[in-house]
Amino acid sequence: MKIVLAYSGGLDTSVLLSWIKEAYDAEMIAFCADIGQAEELKGLEAKAKRTGASKIYIDGKGNDQVRFELTAAALAPDLQVIAPWRDERFRKAFPGRQQMIKYCKRREIPVQASAKKPFSMDRNLLHISYEAGILEDPWMDAGNKKYHGSFTTLSVFPEDAPNKPEFVTIDFKKGNAVAVNGKALSPLGVMKALNKLGGKHGVGRVDMVENRYVGMKSRGVYETPGGAILHFAHRQMESITMDREVMHLRDSLVPKYSELVYYGFWYSPERLALQSLVEESQKNVTGTVRVKLYKGNIMVAGRKSPVSLYNPRIATMEADPTKAYNQDDATGFIRLNALRLKVAAKVQRKK
Amino acid sequence: MKIVLAYSGGLDTSVLLSWIKEAYDAEMIAFCADIGQAEELKGLEAKAKRTGASKIYIDGKGNDQVRFELTAAALAPDLQVIAPWRDERFRKAFPGRQQMIKYCKRREIPVQASAKKPFSMDRNLLHISYEAGILEDPWMDAGNKKYHGSFTTLSVFPEDAPNKPEFVTIDFKKGNAVAVNGKALSPLGVMKALNKLGGKHGVGRVDMVENRYVGMKSRGVYETPGGAILHFAHRQMESITMDREVMHLRDSLVPKYSELVYYGFWYSPERLALQSLVEESQKNVTGTVRVKLYKGNIMVAGRKSPVSLYNPRIATMEADPTKAYNQDDATGFIRLNALRLKVAAKVQRKK
Amino acid sequence: MKIVLAYSGGLDTSVLLSWIKEAYDAEMIAFCADIGQAEELKGLEAKAKRTGASKIYIDGKGNDQVRFELTAAALAPDLQVIAPWRDERFRKAFPGRQQMIKYCKRREIPVQASAKKPFSMDRNLLHISYEAGILEDPWMDAGNKKYHGSFTTLSVFPEDAPNKPEFVTIDFKKGNAVAVNGKALSPLGVMKALNKLGGKHGVGRVDMVENRYVGMKSRGVYETPGGAILHFAHRQMESITMDREVMHLRDSLVPKYSELVYYGFWYSPERLALQSLVEESQKNVTGTVRVKLYKGNIMVAGRKSPVSLYNPRIATMEADPTKAYNQDDATGFIRLNALRLKVAAKVQRKK
Amino acid sequence: MKIVLAYSGGLDTSVLLSWIKEAYDAEMIAFCADIGQAEELKGLEAKAKRTGASKIYIDGKGNDQVRFELTAAALAPDLQVIAPWRDERFRKAFPGRQQMIKYCKRREIPVQASAKKPFSMDRNLLHISYEAGILEDPWMDAGNKKYHGSFTTLSVFPEDAPNKPEFVTIDFKKGNAVAVNGKALSPLGVMKALNKLGGKHGVGRVDMVENRYVGMKSRGVYETPGGAILHFAHRQMESITMDREVMHLRDSLVPKYSELVYYGFWYSPERLALQSLVEESQKNVTGTVRVKLYKGNIMVAGRKSPVSLYNPRIATMEADPTKAYNQDDATGFIRLNALRLKVAAKVQRKK
């Protein structure tokens, strides 16, 4: 039997590699998705092999059991999933961290038997999140000076950012960012460039209490400098190129779309249906946005587009040969939009 | 005949007061709603009377023709609305600003015959907006140093804000802010206090292209320091007191609710229906939020509530006598949520 | 220990009463909610006591494990739920129906050891549902002549209904049916009256494949004569008394509301939030609807209301002193609603 | 100048052809879209030419001013629209029907100078609608025996339909009906076949009060036999082939989509965005539905599909090698879905 283990090289997955190999008498294949952990991937192959893996694949977010398993259900419905945390044998063998460290020592599994960190941390290309430990108290101020050495893997605190603003232009094509400061980049390149620029100016730092799919609330601190700039600039691009009604419709579906992604339903048919609508909504979102980064702030400093729907001439009528807008039109527009309100008001009055 | 004129004392409404009085041979009553214009209201009564009004009422956002008329339709369906901008006689008499200034001089109507401002401006308790003129070009950077004397009625630019952060606590009761820094305040008092605090630190400055009800896009710069703090703090308060599903449902309706308020449908039955839902959603939103204001940033520095739904113990199981969360439960939860995805994947594979 | 058992007196719950009593060494209290099962409740108390219950309560739809347990979670979060179908001991003891029948015989538990029915059936005040067995094939025609003796507990097949139509009037007050054929009735009385009238004419018969909360599709045949008339007549009442925008908003939320009720989230905060909106939407839904029942059809034969928003005079302008609608108004209404479409079309053309 | 007139050959458009030709001194081109009026199109060309048209095009629903003009705005933004009903000169010349008839006589325009019909009527491929006149009273029963000669252009009343049911099978491919009773047909062919079958059995007759875009309510009687069958059968097809979440999402958007079509926004970007979602939702809606038509009823008599998501084996576990559903899974599924309800109930209790 071959078992593929989602492997990070940390204490937990090191124990799992060894324990599952024995418990199931299986050949172990370690898999590590490169989702932007950067330097954390170094030396992973050697470590995996020393711990007992026959092979390791490092390849292409899904950071937890629900997301992994829903994705497996959609892509490989016959795959059998082993989740040792939900296996009583495993939980009995390892009631806590200490037992894991001992187990590794006994078997000479190479882990850094570090003291318990005061919070846990999870990283990918889009963000780093911190949670648990000292962050569990929602009244605790994670921005306090004494934490200025923590929570700063990707970005500085606004107070520590440069005193001089920096301007960045981002080019969009059909809703996708395709260039930063005039330089054409791949999607990965865009994220890396914006993570660096945003991190320097302390933007995209978020402290929130979120609602997990399994039913509980959870407090987390996030660094997402590039994502924050991208989201802000994209909205600015849309503001001059996207139709009003398309925007209102799309916005009403954002909570649903976000929920699906957050819960792990990336490969669900409902996400694909929403994606079709989103893609259709983006076909005109092309142009350039200029933003100013300054001590935690992302501010707009300009937007332009060859397919802009914004035309200041319409209101003023100056030099508008189409005479698209006419003050007289407002009379009928208002009167018909008010008609049902008037009828109802009269009915109420009669009563 | 009595005609009530929505009156501000500026050039336009001064001309209207005089012109309508004559055109309709009517008794003119000037009405000015105090919606937070502050010092702009001084001396208004005397001015109105000198211009020809028999009475003036200054009493308690509806800033334009659509909002005024929809509200009139709902509250006073038989009221006849006179909109001189849509009356050809008026438009012929006053093709531009110069004719208005001459008219006032001729009749000794007291107006400040100022040169045309490079943009227009509109103020109420919640915000000041600037638009038109030099703002019409969406690529123009309204945050440029040379404008640091403009667009700063309620707030400074982030660059000009203090170097030291300031902390503010806001108490909420059933969704409403009831105290700032521990001091109980009326809703008006809360807005005034937060406008001052936020303005000092340069928060709530917005530059946007919006979608007007009459069908065109329009670029505006807003100052809304108090509103920005209130919105941020309220969301933080909700994050520990509001049920996940209620929040997702409410969020999906925010675009509709916003649209109704923005378009002028405050007194519509659909706004009232949504309001019922919103109020029900707020009944548990009680507690305290602490925010940190710093050079344009609003950051959370703590939230607490006597009715918090956030309980870090649930995840860890430590000292949770209810054992509300159990690792084993995840197995069934995931398997049943994945069931339809598996069935569909198998059907696709067979095909 | 006291254990309350949801008890129907059928084979399953008879076995459970006896088995749980022994397995948990507990005092058993049988509970049977009167949700409209009618004659099926007769003799239940004697049967429960003979089977081992110390008490039986028959009192006031929640027909399955999910609905029962979600309701318990919301109303009595500390209540411990025992679900023997999910207890391996129980499943081993009773792999099938035969073992249950034997168990009852051995212990002299009074059950009708009937042969397996070709489908299962579930009844409450609102409907009777049939499923499983011969109904599992979705191509099977449950309306075939040979089944005209089955699936007819509450209603006849349309083919067997009278040849003469029957007219029924229903009075509504704030959205609730309060009288049938002019006779004031309680909500229960309305359902009973309409179930009888509708059943006679074969209306409200539904054959559907539904989507269960636990992730699978399931085919069922329903009889819901009273519910079908009520739903139809209520919509008709709304059509002349409910504002257009309120109706469109409410309709967009119907799938969510239905889902919550169907899944068992009656006592959830999101259902309560939606309920507030629904109640606000109903405050004007007052008047009378006349329907005609004929061989499976429910047809409208009239609707009237003292607060009707329908006014045929508006369109024709005859004798409409308010001149609410004016042909000229359409010009401006259409032009402004078309404005964004024109701007976009011109942008596309230029490109 | 060339003016294209939407022309039906009835009294109104005959007058318009002649009046506009003179009023604008223009060459008139009559355009008549063949949207299923059937025999009403006969002799139209000769009539148009005799009335003054230089050409007539009969080609390819938009039945009123709003729909026509919104479509023109989207497809031909520079086209100038002439709407004589909103032209004061026209309204003065023709205050009523009598003046039109006289005008035609005077100019020998060939119209049937019939007495005023007791209601108006509008026809296309999908339906015939009747409104105004005697239908204006919403309490009037349009199904009364005395009207059995009226409102029956496409269908009979249920009472007059055959006593024997008729079975029809419809094949679907990706959401589109492609065959009736096994015979492959074009979309037009499907509509024609179902209109005939449904009309014979009196199905698809609707009496409703609808909400017009211009703000008023309006009562109409519709015949739409083919559309009713298609809608019913399509839903049945979806019930075994469409994912639950896709269906709930789509259903929540139906009110918006319907509104856009009804109001005339077919060529709007928001309709196109929704269309993308709808098309994605239909890609698996393939198979066969069998319906039974009987005296106004459409009943399902079977549905089957090669890509059915309905699998009765899942529930029973018999012969389900995937063991997709497991009774034990329900425990965790319910416990986690109940978690937030329990936490909230405990918080409320403490309070």
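Labels for the chains are A, B, C and D, by order of writing; each one numbers its residues from 1.
To be clear about the criterion, contacts are C-beta pairs under 8 Å (C-beta built on N, C-alpha and C of every residue); 3 or more make two chains touch, one makes a residue touch a chain.
In this text the structure is predicted, and so the values were computed from the model without any measurement.
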Ranking A-B and B-C by C-beta pairs in contact puts on top A-B
Between chain A and chain D the C-alpha superposition rotation, given in steps of 5 degrees, amounts to 180
Here the gap between chain B and chain C, centre to centre from mean Cα coordinates and rounded to Å, is 42
For the pair chain A and chain B, the C-alpha centroid-to-centroid distance in angstrom is 29
Listed in rising order, chain C residues that touch 2 or more other chains are 77-78, 214-216, 243-245, 256, 268-269, 308-309, 311, 314, 322, 325, 328-331, 333-334, 336-340, 342-344, 346
Touching chain C in the complex, chain A uses residues 243-245, 306-309, 311, 314, 322, 324-326, 328-337, 339-340, 342-344, 346-348, 351
In the complex, the residues of chain D that touch chain C are 65-66, 69-70, 72-78, 83, 85-86, 91, 132, 136-141, 143-144, 158-159, 165, 205, 207-211, 214-219, 236, 239-240, 244, 247-248, 251-256, 259, 267-269, 290, 292, 294-297, 299-304, 308-312, 314-316, 325, 327-331, 333-334, 337-339, 341-346, 349
Per the touch rule, the chain A residues reaching chain D in their complex are 77-78, 214-216, 243, 245-246, 249-250, 256, 268-270, 272-277, 279-281, 284, 322, 336-340, 343
